[in-house]
Amino acid sequence: MLGEGILKGLVETARNFAGSYVSKERLTTVEYPEERSPLPEAARNFPFLVYDGDDWEKGLRCVACQICEKECPPKCIYIEKSKDKKPDYVGKLQIYPAKFDIDISVCMSCQICVEVCPFEAIKMDTEFELATDDRFRGLLLDRHQLARSNEYYHEIHPTEAAEVDARLADEKAKVEAKAKAAAEAAAAKAAAGTSATTAADAAKAGSSAPAPKPVAAETKASATPAKPNEGEPKA
Amino acid sequence: MIERLDQIFVILKHWLLGYLPESWQTPVGVILSVVCIIGLYPALFAITTVLERKGVARIQNRLGPNRVGPYGILQPMADGIKSLTKEDIVPTTADGVVHFLAPVVLVVVVFMGFAVLPMGRNMVLVDMDAGLLFYFAMGASAELSVFMAGWSSRNKYSLLGAMRAVAQMISYEIALLLSSVVIVMITGSLSLVKIVEAQNHYTWGLPHWFIFTPWGLAGFLMYAIAGTAETNRSPFDLPEGESELVAGYHTEYSGFKFALFFLGEYVAMFSISGLGSTLFLGGWTAPLEVLQFIPSWIWFFGKLFLSMGVFIWMRGTLPRLRQDQLMNFAWKFVLPMCLLNLFAAGLWHFMGAGWLRWVVCSAILILAYVSIGREGMRRKNLGPRSYRYAE
Amino acid sequence: MANPLTGYLIVAALVFAIGLAGALTRRNAIMVLIGIELMLNAANLNLIAFWRYGRHPEVLTGMMFAIFSIAVAAAEAAVGLGLVISIYRHAKTTDLEQMNRMKG
Amino acid sequence: MGFVFYLISTFTVGGALAAVLLKNLVHAALALTVAFFGLALLFLRLDAQFAGFAQILVYVGAVAILVVFAILLTRGSELPKEGVFSKTWLVGLAIAAGVFALLAWAVLQAAPWLPQEKAAPTVTVNDIGNALMSRYVLPLEIVAVLLTAALLGAVIVAMHEKERSR
């Protein structure tokens, strides 16, 4: 009959109105600045650079290979390689990004940089409150602003970070095993001498393209309170 | 004491006027009442805007404004300050004078309607013999200001909105008039004070409101529909359909002039609600005989807010009609029902007291409602919407 | 003009003459209708004024005439403007001086 | 008489003059409503409440809107390229002036015989209703028929002829 639908609608809205005072389901608003709904784990927004250890500058996993810079569709990444090499946390000499800028006003959050990075050095952040009153420099983040610790990564994406760590540990263990085997072989073949060089050579020969380079067993042993998850230096 | 409270505003006015010389009393009294009306309704408007925003928000599972003041009750102050301090923009091609006059005319005309509304026992500005006619004359003038606003803006959206508004208001004005004529037929008076008096009787403690008769109920429903359309409220708010017309006839208004339009719309809602409660809901009379000790003006404003609540409720519920649906509804459903209602009211009058007239009048109206409704649904004039998408 | 009726009659005459002038001098058909409306209104004013100052206001003759005239004028305006619109559709103009063809 | 009368009269005559003189048709229509409103006020001054409100309701609420609609539907709000007055405007003006002179002369000549100031008649809306339903019931019916006929006629005249246009 005419008007039936209107009455039904009125009843429904009345239930919504009354229900909003008693039931949480009928008042789904989260009052944002004071309370926030938890972000889903897969949330992602802008990239950040992962570093290990306590010193962000030393621990940056990035080796300025510039793959992400080339792959970035809107070209929002700007990397300048360092002229010198500086020892990374294991003491090995590496190129490092002298400059690593991301213009987040250009970034489109596509995550391609993360996918192409062979060194697990760049990951997606969940931070979204990026508004600033300086639209030129405020939105151009440099490497210091981009650097986040691995612990932070664990915090925002625990599953993914655990996977990454496991993979790295796995690869490192493999490489270590290989290096050890190579070292043993070398030790067996030629008794003493330049074992370090041989190990490095063997490692170089054994490594396939994107895989992390082995750390010489001795160096490794001597170096650092090794976290199980680090092991990302490369040549 | 109860009498005092009921008449408190009347007594207050007379007490104030007592300090004035004899010759001044009449003009100053009128000015005093006018100032009260002009001060009161904008205040009610401010309260209603926050109630509406809160209410619609609750209907839509939101919280509504809650930042300014506790629970957001100071929101209208913020809105007011905002619109007062905003730049008043007049398009360069606009017709300056008409553009300026339109909101002024609207507000003046809308406020004029309150002159004849009895807001309580002895609380009416002018007890005019032709009060209802005066009210409708003023309501008819509001159309012109809408047209002025739309045309003077020199904006096609404004003009389209204005033409829609005028067409809609004219169509529903007929229904509004015809649904009220029923009351005039039964009471034999155009004076709103007399119409309220006619409803101020009680049988078994129940009031003789006109809504409690078959023709009164039908008339009230038609009046409510026509009144909603007349004030351009949802679901009849096509003149302001922001999805297609930006904001309709007041697209080109900003700052204080826009605030005047906004005010005019709400005050028109108050006045239509007030007239509706005067005609059908007994005006300032109490809904039960035992409740008569509560002052009459409380009842009037209570009924006013009740109907404002229904306005808000409908706004939160119903989607906007399409222009052809609107016109079909007015001319093919509301108008025939109104005419039939006139017939029913005539029957009621001439059949004399007794239960038979209840049965006959109800039967006629229900039958007509069902058959017109069914026919309309079948022809898709009034029925569920069907959409044809581009393929 | 001590006589109040004279004042109203003069105003009515003035409005009538203005309406007549408008109807006779304007080219636009709608303006001619506006002039005619003014003339009708002037006549209404006369009727009401004579009713008010007449000998038997309680008989309501003048008043009734005015009310009926208002109703008739509304009908006249509706039909007249309908005609103007239909002519406009046909001739694409509302200029009376260009409506000189008998052929449609 | 008095100040109020002169004020309203000036208002009315000014509105009427503007209505026929203004170039822009919409302005003319709005000025026309001013004139209608002034006439309604004059009716109220003459104690004809019912007629005054009916005047506002019908003229301001309906006729003015109709005029405005017609103007917009015929693109009348654009100023014409030729003049707004006809070629024979002088003749028309002369006729109108003559008519006014004649009317004014007649009114002024008749002034001494015209009825003088008198008390306002006490006519209520009730009386009007009774008169309409008793003495004037036939005219009322005729007006009803006329209005219906006009309604149908206006619709038919202004309606698109769909079959032909297809």
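Read from first to last, the chains carry the letters A, B, C and D; within each, the first residue is number 1.
Here is the rule we use: contacts are C-beta pairs under 8 Å (C-beta built on N, C-alpha and C of every residue); 3 or more make two chains touch, one makes a residue touch a chain.
All of these numbers come straight from a predicted model, not from anything done at the bench.
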item	value
Smallest number of contact steps required from chain C to reach chain D	1
Most contacted chain pair (by C-beta pair count)	C-D
Chain centre separation (chain A, chain D; CA means) in Å	82
Whole-Å gap separating chain B and chain C, where each centre is the average of the chain's CA atoms	33
Whole-Å separation of chain centres (CA-atom averages), chain A against chain B	63
Inter-centroid spacing, chain D versus chain B (mean Cα positions, whole Å)	29
Set of chain D residues in contact with two or more other chains	50, 54, 62, 69
Topology of the chain contact graph, where touching chains are joined (line, ring, star, complete, other)	line
Full enumeration of touching chain pairs	A-B, B-D, C-D
Chain B-facing residues of chain A, complex	1-3, 5-6, 9-10, 12-14, 16-17, 20-21, 26-29, 31
Chain A-facing residues of chain B, complex	55, 58-63, 66, 313-314, 316-318, 333, 369-370, 372-374, 376-377, 382-384
Residue ranges of chain C in contact with chain D within the complex	1-11, 13-28, 30-31, 33-35, 37-38, 41, 44-45, 48-49, 51-55, 57-58, 60, 63-64, 66-68, 70-79, 81-86, 88-89, 94-97
Contact set on chain B toward chain D in their complex	95, 98, 128-130, 133-134, 136-141, 143-144, 147-148, 151, 159, 163, 166, 170, 173, 188-191
Interface residues, chain D side, partner chain C - complex	1, 5, 9, 12-13, 16-17, 19-20, 25, 28-29, 32, 35-36, 39, 42-43, 46-48, 50-51, 54-55, 58-59, 62-63, 66-67, 69-71, 73-74, 76, 80, 82-89, 91-93, 95-97, 99-100, 103-104, 107-108, 111, 114-118, 120-121, 123, 127-128, 131-132, 136, 139-140, 143, 146-147, 149-151, 153-155, 157-158, 160
